[in-house]
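One chain, subunit A, appears in both complexes that follow, with subunit B as partner in the first and subunit C in the second.
Then we have the complex of A and B:
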């Protein structure tokens, strides 16, 4: 089904949070204020690597209007944070390892006073040699950034023997690919409001993708029970993985505790760039060989990921990259070796695509190059090596069986865009011979969920509340992806409720069950599964109550708009009638009726940590225009075939693929947080360039393939990330089609695509004078 | 930055003079403590990035009427652009587009709509690297200053050549920019073009900005060729050697190839961490050569 408004009919709904967002009426958590609120600010290291020899805060503390100045000495609990491996100091004790490292924090009456207080804090540093390159970090010459050295994590996968494999290859392609330090660039920068109540409990109003994880980490830092912390975490002005880890929360919580006043922190864009997470820059070297028929014989990969100074999810991102450099193909011999390496560069961490973006760019590039050596169509080479539906996953692990690979491949090759290949017009080229167009495509299977070996709980709750509202309660977060809209649509379509019957409650750790994180393309799948589990329970619980009151057999009752319905048989006519409204039913029940479900994200029967069980398949074709006068690339048209099971919310699905693709366009063409000597050269959005609406003048078609095997019990697959991982290699392939130049480094350097001389440019267009 | 005794930042005092003389007098009195401000869009970015400190006094020149004028004289082909005209004013004026189309095109390409509503042509020129400058340079631009006495006229190119090193102009107030339309010789056609190449398509600093204007007669002989280049931190300027070379030549492949090589050799842009000099040279040469090629095609 080609997703669009017209084809979706009544399923194309106005999203419940839409009007308030587009009118600016909606208040985000960082818009909140409180009476007597203080402003918090964080002093960060100016050096990428230094020893701290002294911190003097007296002058700052003496400034009128300053209520607290804190250092590492003021952290009562664990002075570290990090979702998977807490090694990042809340406030550095004796050493700083990047320019975002926090050394002190202040709370003051005004922004100006807080900022002046930061200037009055004296920190003596002894500058240390820096490690600003991940490969250098692995050498014996490099200073060690942590007691265990500079290697955060190493992971790989082997099958057969690649050395012998390459001996038996007819063609071998060796290439090294580089990907940028991409920034999430959410519209709402990190921030929050932190209030200790009279009951001694802390309430945190701060965006995050996993409220319960923040609660656990903050309890550990503050040395207070988790039950003494309430996390209010939605709505969120964008996250894309960037707000899953703690950011300003430890400082807000500590300052609020010490001052006993509400404290607000809100990063400027400058501070967000300096301290915040980025996508891991990776260097991926690949050697891939085929026999003369194009069958993959050997694939050898080395991944170097610059994880920056601290762990956060660096190890998990590497695991994902290791899985996705293997991808949806079968190889006789395989040797993948990946390194996630500490450096004094900026923090790398979780980001939509989670290591897949880098891996797929490299892997798909190998297929295009090998196909050329073989004289084969690049898609034909993919087809010859593509996994069959019954094949195991990349790590040889059992995976949920679908026809996704074949489905998206068939859809893409049948698309009018792909059919246009080789038939691109020459008329425009005569008028402006420096404009060249080309078509390219790429393919992927992208894993969802956290993977084997990582706790990945799920669940939710449905309640007929005292006021008659049907409450759907989950710990998932709304950060713009349309989660609320999708949940509402599922409740309407699967249960028969009207939107007015429903109250959705998310983003408050005091009232929601732990449904796990809103990450890894998992929330829609887990909400769907929860509702599948809850439906019989809720029907049983609520309809049996209704049966008592309306004197009708429960099995003849059903949920409907506004209340419970049944077919009432009369002598002259039979019709379905609402027998009792939800408010009346709730009143009659006297107390809320609640059903809960808890389960685990489905995982594979494997021992390989991080291996996935559920995958989304995607094939993307693009048409680009290369202007050889300027070397600049314009994306004219995109086609995405996505096999992710049934579409829960067509608008949301389309939005995720379009939005992911927009991020991928930046990844491919313009975005890079450039660093030199451990310092950011791109400090703000004037030099860090995300695509604007001008870059989106091209058209985009999204084909959703909904068919799943009959016995599939997993329902809709994740689509939050897949739109962002396949575009870059498709663009690279299209550029080659247009101008015959291979791209190995993102974002693509326009100088690479410039005509080498004006003569060359006009060769075809001008004959003689 | 303006600060109290404890060093805590305070907002600058804002003056609102009603005449150029009053503004000039304020600046003379306040000295380095006072800074003229028009749209304030560039100043803000300088304060935020730490390139400049927020001054104790801002002199808002927005209420001086004579700075808002747009006078177009069809007889002389001249135009007087008040320094306070916003880039949006210029972009949306049909008269400006008819007479000085390159300026319209330049205004269209600068920043984003909300910024163009505030940012002024005067501010764009005085930044020394504004994207309006290559377009203005095609129209023999002259700056009109208030200097406390009789006023001062100075060709824009002359000011650009000394402004980075001689800061005396900072004491003066820019009143307007005077432009002159090129005259047309009989039996010729005029070709004009403006290109701004950034690292993305919109709302982006320029990497290469090129403006050109030329006449072609029926034999495709070139005359009155005017070429200007800028972009990034390169101070825009006319390419006099290339203009001299092109004037009188037939616009054929040989000429285009030669001028391409000449620009590569002579244009000396500044590079930065994002785009090297080599790219800027090649893209500039490509753009100008392509316009010559299009003109004769």
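Then we have the complex of A and C:
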């Protein structure tokens, strides 16, 4: 199904959160204020690596209007955070390891006073030699950033023996690929409001992707019970993985506790840049060999990921990359070795695609190069090695069976865009000889869920509330992806409720069950599964109550718009009458009727940590234009085939692919948080360039392939990330088609694409010949 | 005493007359204070968003005498005698056709860029009801949207242009 408004008919719905968004009425958590509120600010290290010899806060504390100045001494509990491995100091004791490290924080009456107070804090640093390169970090000469050295995590995968494998190859391609430090650039920077109530409980109003994880981490820092903390975490002005880890929360919470006043923090863009997470820059070296028929014989990969100063999810991102450099192909011999390495550069962590973006760019590049050596069509080479539906996953683990790989491949190769390949007219190229067009494609199999070995709980709750609303309660977060809209649509389409019947409750740890994190393309799948589990329970509970009051057997009743209806046996009869409204039923029941489900994200029967069970497949074709006078690349058309099971929300699906692909465009062409000597050179959006509407001149077609095997019980697969991983290698292939230049480093340096015979071209341009 | 140790005396406020969303008001703020902060912090009008503070993202867009400006770069004194329209002003008479087009076409996701984006679209269409794709691109290239990839936004702008044309035509027929 080609996704668009027209083809979706009534399934294309206005988002319930839309009216407040387009009118500006929606209060984001960083828009909130409270009476008597103080402003919080954080003092961060100017040095990428230094020893702290003294911190003097007296002058700052003495400034009129300053209510608290805190350092590591004021952290009552664990002075560390980190989702997977808490090694990042809340407030540094004796050493800073990057330019975002927090050393002190203040709360004051006004922004101006808070900033003045930061200037009055004196910190003595003894600057230390820095480690600003991940490969250098692994050498014996490099200073050690942590007690265990500079290696956060090493992971790999082996099959057969690559050495003898390469001996038997007809062609071998060796290449090294580099990917940038991409920034999430959510438009709402980090921030929030922190309030200790009369009852001594802390309420945190701050964006996150997993409220219960924040609650656990904050309880550990503050040394108070988790039950004393309430996390309100939606709505969110964008996250893309970047707000999953704690950011300003520890400082807001500590300052609010010490001053006993509400405290607000809202990062400036620069503070967001220096302290926040980025995508791991990776260096991926690949050696891949085939026999003369194009069959893959051996694949050897070495990944070096720059994880920055602290762990957060660096190990998990590496695991994902290790799985995705193998991808949807079968090899006789495999040897993947990956290293996630501490440096004094910026923090790297979770970001949409989760290590897949880097891996797939490299892997697909190998196929294009090998195909050329073989004199084969690049897609033909992929087809010859593509996994069959019953093949095991990349780590030889059992995975849910689908025809996804074949489906997206057939759809893409049948697309008009791909068909146009090789037939590109030369007329336009003659008119402007420095403009060249090309077509390229790439292929992806992207895992969803956290993978084997990592707790990945799911679940939710349905309630007929006292006022007659049907409450759907989940701990997922709305950061723009349209989770509320998708949940509403599922309740309407699967249960028959009207939108007015429904009340959706998310993002408040006091009232929601733990449905796990809103990450890893998992929330829609898990809501769908929850509703599948809840439907018979809820029907049983509510319809049997209704049966008592309407004097009808429960099995002849059904949910409908506004209330409970009798199932019409005779389709001709127009007896579509509501027997009892939900409010009347709720009143008659006297108390809310609730059903709950809890389960675990489906995992593979394997021992390999991080191995996935559910995958989304995609094949992407693009047409680009390369300007050989400027070296600039323009994306003209895109075609995405995505096999992810049934489409729950066509507008949301389309938006995820379009939005993900836009991020991938930036990853390919312009985005890089440039660092030198551990310092950011790109401090704001004047130098860090995300795509604007002008870079999106082209069209985009998104083909959703919904068919799943008949006995599939997993329903819709995740689509939050897959749109962001396949575009970059497709662009690289299209550039090669256009100008015959191979790209190995992103973002693509325009200089690489300048015409070699520049003078000749200029001549033509001037003479118009 | 070091300079930095002096207690901070708030900058002197002056009274700046202007019109805000149709209401005549006096802004009692320091003349160099940025309009963005006046709106958000002093007037509690948070529909106008803050993101880069340097005029590169458009989240803070408002209209001053019908012209779209980045309120993060506009100082309060520059508004003297001018008419300012924020997203709250656009929405004052109910949902504007541009806003309706964003709703129907899915021209937003997280919504954080949306108020600024709608201001830019409104300023464009008020001035040029039938812009070319290139003119649309130019008018909106100062508004960054990180979520949508601009697909829904482009469709919404087209829809808004159609609707405005239709209502103009039906008005001229009935008039």
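General remarks:
Please note the rule applied: the second predicted complex is superposed on the first by the 750 of 769 C-alpha atoms of A that agree within 3 Å, B and C clash if a C-alpha of one lies under 4 Å from a C-alpha of the other, contacts with A are read in each partner's own complex, and residues count from 1 in each chain.
Rule of thumb we're sticking to: a residue touches a chain if its C-beta (ideal position, glycine included) is under 8 Å from a C-beta of that chain, and two chains touch if they have at least 3 such contacts.
Owing to the predicted nature of the structure, the values given are computational and were not obtained by experimental measurement.
With both structures placed on the common chain, the touch criterion links A:684 to subunit B and to subunit C.
When the two structures are aligned on the shared chain, A:692 is found in touch with subunit B and with subunit C.
Look at A:113: by the touch rule set out above, it reaches both subunit B and subunit C. Of the two partner chains placed around the shared chain by superposition, subunit C is the only one that A:236 touches, whereas subunit B remains out of contact.
Of the two partner chains placed around the shared chain by superposition, neither subunit B nor subunit C is touched by A:392. When both complexes are overlaid on chain A, the residue A:562 reaches neither subunit B nor subunit C.
Once chain A of one complex is fitted onto chain A of the other, the partner contacts of A:63 extend to both subunit B and subunit C. Partner contacting the larger number of subunit A residues, of subunit B and subunit C: C. By the touch criterion defined above, A:481 lies against subunit C but remains apart from subunit B after alignment on the C-alpha atoms of chain A. Touched by subunit B in one complex and by subunit C in the other are residues 63-65, 110, 112-113, 116, 119-120, 684, 686, 691-694 of subunit A.
Subunit B contributes residues 3, 6-10, 45, 48-49, 197, 199-205, 208, 252-254, 256-257, 260, 273-276, 278-279, 282-283, 285-287, 289-290, 293-294, 297 to its touches with subunit A in the complex.
Considering their complex, residues 63-65, 110, 112-113, 115-116, 119-120, 270, 431-432, 434, 628-632, 634, 669-670, 674, 676, 681, 683-684, 686-687, 689, 691-695, 750-751, 754-755, 757-759, 761-762, 766, 768-769 of subunit A touch subunit B. Listing the residues of subunit C that touch subunit A in their complex gives 4-5, 7-8, 10, 40, 44, 46-54, 56-57, 59, 86-88, 90-91, 95, 99, 102-106, 108-115, 118, 133, 136-138, 140-155.
For subunit A in complex with subunit C, the residues that touch the partner chain are 5, 12, 14-15, 17-28, 31, 33, 59, 63-65, 110, 112-113, 116, 119-120, 184-189, 235-238, 240, 266, 268-269, 479-482, 651, 654-655, 658-663, 665, 684-686, 690-694, 696-697, 700.
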